[in-house]
Amino acid sequence: EPLRIATEGAFPPFSEINANGEVVGFDIDIAKALCAKMERECEIIAMDWDGIIPGLVNDKYDAIVASMSITEERKQTVDFTNPYYSNYLVLLAKKGSGLTVDGIAQQAVGAQRASISSSWAEEQVGARGDLRLYDTLTASFTDLEAGRIDSIVSDYFPALDWLKDHPDFEVVGDRIDIGDQIGIAVRKDDAELRDALNVALEGIVADGTYSQISTGYFGTDIH
Amino acid sequence: MELLGFGAEGWGDDLLRGAALTVQLAVVSLAIGLTFGMFLALAKLSRFAPLRWFAQGYTLFIRGVPEFLILLLAFFGTEKAVAAGAALLGLEGGIEVPKFAAAVGGLSAIFAAYGCEVIRGAWLAVPNGQIEAGHSVGLSRWQIFYRIRLPQLWRIALPGLGNLWLVMLKDTSLAAVLAIDELLRVAKVAGEVTRQPLMFLLAAGAIYLLLTAISDKMRASFEARANRGMAR
Amino acid sequence: MSADAIIDVRDLHKSYGNLEVLKGISLTARTHDVISLIGASGSGKSTFLRCLNLLEIPTRGEVFVHGKRMPLSDPDPSRGERRVTSERELREIRTHLGMVFQQFNLWSHMTVLQNVIEAPIRVRGMARAEAIERAKDLLDRVGLSAKVDNYPSQLSGGQQQRVAIARTLALDPEIILFDEPTSALDPEMVGEVLAVMRDLASEGRTMMVVTHEMGFAREVSTEVVFLEKGKVGERGAPEQIFGDPQTAACKQFLNKVL
Amino acid sequence: MSLYQDLKYAISDGVCYAAQGVTPEGFAAYCPRYIDGFLVTLELLLLSSALGLMIGTLVAVARVSRQRALRTAAWAWSYVFRGTPLLVQLWIVYYGLGSLGPEKLGILWPFFKSGWAVGLAVLTINTSAYIAEILRGGIGTLPPGQLEAALSCGMSRGMAMRWILLPQAFRVAWPAYGNELILLMKGSALVSTITVMDLMGQTRSVFARGYSLETYMYSAVLYALLALLLTAGLRAVEKRLRVA
Amino acid sequence: MSADAIIDVRDLHKSYGNLEVLKGISLTARTHDVISLIGASGSGKSTFLRCLNLLEIPTRGEVFVHGKRMPLSDPDPSRGERRVTSERELREIRTHLGMVFQQFNLWSHMTVLQNVIEAPIRVRGMARAEAIERAKDLLDRVGLSAKVDNYPSQLSGGQQQRVAIARTLALDPEIILFDEPTSALDPEMVGEVLAVMRDLASEGRTMMVVTHEMGFAREVSTEVVFLEKGKVGERGAPEQIFGDPQTAACKQFLNKVL
């Protein structure tokens, strides 16, 4: 039976839905490459971010390839493969806003709900700071553009992708390295699948498939 | 505007598919919810106190908790509950609840909780004399129920049930949290992909209004049928 | 109990909570009897009638219909509540005891014809065609053959009450109970219904009638029973009750309504 | 404003401190968040129900007016806001209209900028549409003689509406209004999708930390508690309204 | 128009769609007149009364109250619909034309006292204290001083109708219109209300009464008007109408109800 893989669908360029209603993006291509390597049939399922981990735990699917950060909290609930890329956070704001990373506690800052960036932002501004949480990253971009918020804490690659069409905005300061590693989540009792995925991951890196996919999206190998 | 068209580039066909799914969800949930609601109403009217308490507790809970939480619980909670129940009986395993079934389960659970109040009210609104007349000619309890009570109850309950139907038609949009591609989720995705959220939300709103108008028409014709013989 | 008694009521009591509404009423009706029950509002007339076919369960006392005891458990002195011991038997007896209500209580979702054939078909298992034929005869008798397919709401009060009478007659009951059958009617329609009732009386139907129409009671009854606060205050032939009432209460009541 | 904010925080800190020993561990760890959210939900609910009642009454009166244009406008109001999902309304106003940005929206921008304000306005309008319908129904059930008696005493239609019809319609409509209030409470959970940190918003944040369904159970209990409070309040008013 | 006419109705017509319910009725009432309107159901009695204070808008014809024309636009032959030209004037005139309804129509959310003081305060702008004082007098007169703080639902039908009369009297209208004021009452309560009405007549109130109580019409009226199918079928002194009706229709009607 096919391997069921969940992804999100609102996190370009890693995953998004095109006009034909198909989920496409880096995550999907990686997932497909992994499946090919494992010689298994795959089924890609789009889930809302909010329910993506409970869905895995409840056996709605077998793995999550959705640019998910490996965190201690998540490790309580699920297992992760080895990382398939490293993520950094960035602060996005309008050009010439004069904001600094240290000063975000004083502003209205946005982030995607239930993401590594929201956890980090929350630590910075405190539980009662003006942190606006969005169901999707795209929604937070919309609000930044509209001027409802001063800045966004975002993952690095999606931010770069978005900045391509939004020249009025920029990354504030340096990218923030919080040692964030992105992995594939599997159920805790599913060590077999985790190991198989790890082997396959090594395989596609070794045979250059990974590099080819990555260059297609980002111009470089992000592994 | 092309974005609303059909074909590969347009989202029109996706929106229509979403609308069809919305209607499907609502219709199936209506059928199940109505049946369950009838039983709840009977429970509330029962002389057996524990049944009444159960029905009261159930409606209190459903009416008290946000719908979208109920859907989440239906999706994630039922399997846990079934598994736990099975374990209690010493059995292995459980069931898998597909998303559509979970949404139907949640929506019909909600419909039943509200519908039972409408049905109960209608039950009581059937004039007692009508029932007594049945007794006095020797009809049995069951005959009185389905020959006299039910047809009249239906007539009285229709407007209230019609309102609940409209509420449910809109509540199907909550199934989006289960990532079911009903109308609203399609509109939301399309809006994000095309960067035209307003247009697609308006389009979805217009489709909901259309569905509402059709429902109202159908309800009116049902009511006209049920009211035949009634003074205006 | 006299041998030809159709209905025989013995020491009927009825309480609602602490309120004793009927305080021991005994009464016998024979074939061809037309008994009028009169009395002030609240004296228990309706309650009495409704106890006869167990729409209300009497607290104490028995009702015999055609010598058959109404299927009630013995009164339980500790709880004062009685049960129906056989639903089937009760239903059977009820078909011999027709009841015509003040508010007609026609089934509003059925046409006139459907109202009349319902019980014969469902209760007696009569064939539909036969039930319809008989119903049409009955509706003809009460002057409503033209209204067969109308709904109750399309009829005047008087017409509705005549349909209600036809519905009751459809089971051909031995005795018909009427609870103020004309008091929900406009003055102009009272006449129609009284005329039908007179007909029934003159063909020898046994009837028990709660009424405010003293003219009718005087003219049609074989016996008038005056209820006072849940008891029989006075009873007798109509000439006697209306011409020469014995008790002060009855005199006073008649003064007020005549 | 910030004084008010501090007061709310103080309340939830106080409540959590007091409840420390008796609440489950999973709840206690995030208690102030739940209560912060609870207070936002409560505040939205009270404001929108009060404002909605006022607007809804006006719409209901327009609905039975003799002026055709007024009647039609009131009908359209009810139809559109009852005929589309609350979520659609919230998003159209917040993401849709809001994306026009400060230049196009001008002085309206401060309103559109705030998720809280948009949430409050949409909840108010939405509930007003339902209330109007409920009240109209209430007015419709009154015997026509009530109005005729007022007119034949020389009252104007407006006076009759104000002194005779509306007070009675409120009595008739009260139970239905109670239902609407509960529905409004639950609908209010959707404002979490436009960045408002109400009870649902907070719950979802807490959930993101542990992915434990327990989180949702606590918030379900809080919502049910609020529903219970509302129901009790409604009953109390109903008792006073009912004429012996 | 005679100089002392309080109300003067000229050629009143009223149609509902194609159904012409009133077909030209003229009538004058002077001070101290008590005019009884009788006629079969559907003959247009209620419609006539309701046209007088414009609860229904007459299709044609005029109504003068104290010489003042009711503020209606001229009938527009093309549309057949007339408008009220001055709401203010209409309200003013209505306070001179009290109306007592068959169904009482007491305001159910107000106590008896509140029902009676409402119009004087809101419409006449009377001080509350004065209104209460007058209301208490009036309620005393109709025998209800003990019920001042009760709600309508706590009163018997007869009591409710007496409150309704007090409410009407509170504006001290020149003429009172009664539409079958006793026909929704139990037989035992009719007397109470008729007694109050007799009182009003004997103190010289001008009244126009639609009634089925022929005894009352005969005894109290100064004139009886028999309506037949939207027209005046016959009119005259009570002795004449009841003793020696001229038209066949009137005879037949009286036979039926007497």
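In this document, chain identifiers A, B, C, D and E correspond to the written order of the chains, with residue numbering beginning at 1 in each.
We adopt the following convention: a residue touches a chain if its C-beta (ideal position, glycine included) is under 8 Å from a C-beta of that chain, and two chains touch if they have at least 3 such contacts.
What you see is a predicted model; the values in this text were computed from it and never measured.
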Item to check | Partner chains that subunit A and subunit C have in common | outcome: B
Item to check | Chains in simultaneous contact with subunit B and subunit D | outcome: A
Next on the checklist: So, comparing C-alpha centroids, which chain is the farthest one from subunit D?
Outcome noted: C
Checklist entry - Once you count every C-beta pair in contact for both, which comes out on top, B-C or A-D? => result B-C
Checklist outcome for this item: At the largest C-alpha centroid distance from subunit B we find chain E
Checklist entry - Through what angle, between 0 and 180°, must subunit C be rotated so its C-alpha atoms fit those of subunit E, rounded to a multiple of 5? => result 175
Checklist entry - Roughly how many whole angstrom separate the Cα centroids of subunit C and subunit E? => result 39
Checklist entry - Quick one: subunit C and subunit D, Cα centre-to-centre, how many Å? => result 55
Next on the checklist: For subunit A versus subunit E, what separation do you get between their C-alpha means, in angstrom?
Outcome noted: 81
Item to check | CA centroid of subunit D to CA centroid of subunit E, Å | outcome: 47
Item to check | In subunit A, residues with contacts to at least two other chains | outcome: 50, 54, 139, 142
Next on the checklist: Where in subunit B do residues touch at least two different other chains?
Outcome noted: 72, 76, 80, 197
Checklist entry - Residues of subunit E touching 2+ other chains? => result none
Checklist entry - Can you name every pair of chains that touch? => result A-B, A-D, B-C, B-D, C-E, D-E
Next on the checklist: Per the contact definition, I'd like the list of subunit D residues that touch subunit B in the complex.
Outcome noted: 79-80, 82-89, 91-92, 95-97, 99, 179, 182-183, 186, 189-190, 200, 213, 216, 219-220, 223-228
Checklist entry - Once bound in the complex, which stretches of subunit D touch subunit E? => result 143, 145-146, 148-156, 159, 163-164, 167-168, 171, 243-244
Checklist entry - For the complex, which residues does subunit B have touching subunit A? => result 8-11, 14, 72, 75-76, 79-80, 96, 99, 176-179, 181, 186, 189, 192-194, 197
Checklist outcome for this item: Note: in the complex, subunit E contacts subunit D through residues 53, 55, 87, 91-92, 94-95, 97-99, 101, 103-109, 118-119, 122-123, 151, 153-154, 164, 167-168, 171
Checklist entry - Inside the complex, what are the residues of subunit C that reach subunit E? => result 40-41, 186-188, 191, 212, 256-257
